[in-house]
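So that you can tell them apart, the chains are marked A, B, C and D in the order they are listed, and the count of residues begins at 1 in each.
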Amino acid sequence: MRIGILTGGGDCPGLNAVIRAVVRSGTTQHGDEVVGFRDGWRGVVDGDTVPLDVAATRGLLPRGGTVLGTSRTNPFALDGGPERVLETCRRLGIDALVPVGGEDTLGVAHRLAGAGLRCVGVPKTIDNDLDATDYTFGFDTAVGVASEAIDRLHTTGDSHHRALVVEVMGRHAGWIALHAGMSGGATVVLVPERPFDLDAVVAHCQHRFDSGFSPIVVVSEGAVPADGHLTTATGQRDAFGHERLGGIGEALARVIEQRTGRESRAVVLGHVQRGGTPTPFDRVLATRFGLAAVRAVHSGASDVMVALRGTDIVQVPLAEAIAQLKLVPLERYEEAEVFFG
Amino acid sequence: MRIGILTGGGDCPGLNAVIRAVVRSGTTQHGDEVVGFRDGWRGVVDGDTVPLDVAATRGLLPRGGTVLGTSRTNPFALDGGPERVLETCRRLGIDALVPVGGEDTLGVAHRLAGAGLRCVGVPKTIDNDLDATDYTFGFDTAVGVASEAIDRLHTTGDSHHRALVVEVMGRHAGWIALHAGMSGGATVVLVPERPFDLDAVVAHCQHRFDSGFSPIVVVSEGAVPADGHLTTATGQRDAFGHERLGGIGEALARVIEQRTGRESRAVVLGHVQRGGTPTPFDRVLATRFGLAAVRAVHSGASDVMVALRGTDIVQVPLAEAIAQLKLVPLERYEEAEVFFG
Amino acid sequence: MRIGILTGGGDCPGLNAVIRAVVRSGTTQHGDEVVGFRDGWRGVVDGDTVPLDVAATRGLLPRGGTVLGTSRTNPFALDGGPERVLETCRRLGIDALVPVGGEDTLGVAHRLAGAGLRCVGVPKTIDNDLDATDYTFGFDTAVGVASEAIDRLHTTGDSHHRALVVEVMGRHAGWIALHAGMSGGATVVLVPERPFDLDAVVAHCQHRFDSGFSPIVVVSEGAVPADGHLTTATGQRDAFGHERLGGIGEALARVIEQRTGRESRAVVLGHVQRGGTPTPFDRVLATRFGLAAVRAVHSGASDVMVALRGTDIVQVPLAEAIAQLKLVPLERYEEAEVFFG
Amino acid sequence: MRIGILTGGGDCPGLNAVIRAVVRSGTTQHGDEVVGFRDGWRGVVDGDTVPLDVAATRGLLPRGGTVLGTSRTNPFALDGGPERVLETCRRLGIDALVPVGGEDTLGVAHRLAGAGLRCVGVPKTIDNDLDATDYTFGFDTAVGVASEAIDRLHTTGDSHHRALVVEVMGRHAGWIALHAGMSGGATVVLVPERPFDLDAVVAHCQHRFDSGFSPIVVVSEGAVPADGHLTTATGQRDAFGHERLGGIGEALARVIEQRTGRESRAVVLGHVQRGGTPTPFDRVLATRFGLAAVRAVHSGASDVMVALRGTDIVQVPLAEAIAQLKLVPLERYEEAEVFFG
């Protein structure tokens, strides 16, 4: 068979491990040919390909990012986009596509599968907010980076008797904040799923100061106050005329400083959370996803996604995977709350 | 309530996180008192305790090992041992015990629960070979240490054109070898569950050399050759008159060197695999196990173990947990085999 | 003898290692008593002390921050401050002070030494900008954190074809940027000592994009453009009415994006650079500084600072150490320039 | 000019950084052509080359090992070896050679320089035992690996109340043991330069046990007891008929166990100490060495080695560099001794 593979959306440690596994399994176990498309769906629309054989994947396993490049191109937003995708696949003799991506990338795959293109998706979201799979690769690495930063911040916070607010990724789901906060011994963890009470946050910080230690607040970039009174609007415009918004981390640090009377600082971890070598957990998961995708293709499946359930890799309908975001449930948040203050 | 906690068997990164979670949840959520027993069942037999409050657990989360100490003492192997355990608990007013340990420690708990002592076990085995739970804490950390070592060995192996054999923990189950080998891009992975064919191992190494790279063989300490012909007996006695056996890693390196004609070296990772700060995965898992154990105690459960199933923490009968070892299944091993050679 | 020790200014990985070495050497080699002052000079002014013996320093070596706490209190800025310092030392029978700090802390020590108090300083600046010593501890750790971040950013930058600007510490001296940039393979490194040409920065980024890779710009927080045209003023005021200035990193990312037409993002590493466990280099250096300070005290020296010269620890006059900042010399910057573009 | 470069002896993190710097500086600053020789002097003898341009060195900076490969071939031990080296250089138009290596590799360079071949050496020894330079790259990385292992072993040792002996590299010089031991808080450090008193080692371990903690002994592979009574001879022969010697680590653990009555275990770190990504310190040092070598070549120098003195890179005669090993001086060892016990 000829299998096409592409990586879309934000990059994630483990993408290269998926590519390597698909190529290795496809070529050595099944005699497949594997074709890589550059920069997500953009490469399929444009027919921009790179040949992939075992030699091309040597050394990829521990490498972050994606050698195929990525983009947020959506063929359905382009004039004649879906037709060009189908045309590319026909012209190149692609028997099946393995799109590796999040909600958007897999949503495209689902619609193309409906149009007759065989698609087996591989889930990818650093935020871990994709439903129908226990975990996605990249998440463990991001939590590792954030957790190590929190470990480091404890000692400087305590030495200076100052509060530190760590803003981590997570626009809609607070998984990174929850796991990094639990792992790092945060004083408070704030997630988008649970609008927060600013008074309670300040009280937890004050309690921590009173016990002789310094508070660390871990906050998802998408967290918001319950009463909406914490504005991050700055009224400022940048060189391009766009309004500049300070992040939630900065805003929180300002308020904590004002109300506890202690110096407070924000650290915004940003892109380091998604770069670099994947953890072993993510390398193994990404590798198993890649192997399972090839198995699924050869079993004749389409319109499905490979997914982790417990310790097994299973197939789930793409429709189920993209139906809704996987949010932090109440009981998981309450586990973290035991350690607040 | 008064809850006793002890840690038995080999130490594991994450034990301190369990202790911290039990103390924090017990004392702040339920008004419990928590008593620590020193050195596993030995401390319960002897009534050797250490008081545990929130202050005593500060800073424990990221720390490896166990502040309670550990031992392999089995009360049932001691004259009057079980009676002394029951007597200690009666005397100290212990309402429930939370033993944290592997097959042996939990086996004792199961028998004591049968004798009327309320026991809620927490699974702990760095080898990940305890049944009835998806994972145990410490395993991810051990895989991390082994995987980082393999990453390092690739460059020195390739520079010197020599084979490297990495011996990792795992007497009966090959989980660490399997995950570290998949994560590290091993040329071959050998596990106790699958007696290996020495000719095939050598052939894989030769194939790797032929492709211009150097092989890395990852082998569980308990792996054995299918034909039994690879002896590690040395015929040597040490200063104390004990017979000295070389490990399987050394034996393999000797044979690979002899049969490929290339220098081969063994690295035995040993105790570094079980020491040091736990990974975030292990910290979160250990913390959740601790919280769940307190919940179980207060729900009136006994003779159970907390366990991970998917992303949930559940309760399983202790009898089920200790009935048999969790071995690497064939299909998981076959996934790794795709990358051999 | 009775030796007082204090840590002042910004915290630094290695401070605890100095404290441990002073206590260990003082008490076990010389029969000294060691008294710790809390929060830098503030503790000496207020007579706020903590007793330090070998037991109190167990476990300190690998720990970041300072168990003594720190502050920026300057006794000479307080009414009667110097008198209170001398009075505290007289009252407590302090024979010598070991202040661990940077320019400010050591400047105070120099003036107090002039007033008759025996002072042996230990140099500490994460920025490595203290003259008269080859290196200060904490710097290697900060470079390590920054370098690892750059390693991670390479893969995400390349995957997204975007420029990344990493802002690191260094208000007056560019040592962290220089070393982290050389270590991380930066496309451009910008330091305060060399006002930069914005056109050249953009040209280097463009050249890097043209070669198929993504640029990483490493910039000291104190770097400035040669023509002064890159404003970081935002015209915005925060909740407390203070004018908000965006950092140089953000400003650069905006301009690079505008002029190359490629997405550009800034990452501000901030406080993680100064927290956490010290590298072995810093642990050894801090330990040797602590030992040398005790030797200096017992040799009768005063108004001196211990310093690293080559592989030796020597004594230099405090006056020399604080006379001027150690800046990045031209020839060191030119070494980095070889790799620009 | 045409510059040849080769890497000889044991591999070391930082070799690739030297290669990259030589290529980058030579080609872009001076218009040189750079030719790589495979596997040390073997490649020069055989004329086995690989072309090196900027594209070939992309991504090399953070990579351990050497892309050129290495060997211990000594042309002066081969019939007609030196003549073949000179003939290769003549035939390929090599104007200067940059051999990167230790005592042996540089000794060959010195003799060839005497025969009229322009040679500028770059020092490389993971053991840091090369004279005339403050440090060699690779050493800091090796210390980092060993120090991290010691950090990990503390927690498992304390949990099990057992002694741990860590055997590190260093046949003739104890630098790795000294620095890793100081950095890791070892109970005892044993180096080849100071034959040790077994009674004192046991006493230090006993003292550490008595204080409630577990001892960690860090020992160079080349350390020996003062009275010669600690034999590592095993009387055993391996499959190839070679006599097998146990390491000093194993032997020490046996004796400590016997004489303290506490379990003791040895960990032999082995090849992981020389593999993997270099630390920032080593990347910067290796890069600066590479740049300085090109400068030296273009300044007309020969029979010299680049070397680190303080923060400067200088040139020293090759003869001086190879005259004797750089051993741990007494005063450095005494610094470590302060912390024994």
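Keep in mind that, in the parts below, contacts are C-beta pairs under 8 Å (C-beta built on N, C-alpha and C of every residue); 3 or more make two chains touch, one makes a residue touch a chain.
Please read these numbers as outputs of a predicted model, since none were measured by experiment.
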Farthest chain (mean CA position) relative to chain C | B
Between chain C and chain B, distance of the C-alpha-averaged centres to the nearest whole Å | 41
Calculate how many whole Å lie between the centre of chain C and the centre of chain D, each centre taken as the average of the chain's C-alpha atoms.
-> 30
Just curious, how far off is chain C from chain A if you go by their C-alpha centres, in Å?
-> 34
Enumerate the residues of chain A that touch no fewer than two other chains.
-> 151
Graph of touching chains, which shape: line, ring, star, complete, other?
-> ring
Could you pull out which chain C residues touch chain D in their complex?
-> 21, 24-25, 28-29, 58, 61-62, 134-135, 140, 143-144, 147, 151, 179-180, 182-185, 213, 277, 279-281, 283-284, 287-288, 291, 309-311, 335, 338-339
Mind listing the chain B positions that touch chain D in their complex?
-> 7, 10-11, 13, 15, 39, 63-66, 69-70, 145, 148-149, 151-161, 164, 234-236, 238-240, 244, 246, 254-255, 258, 265-268, 270-272, 274-276
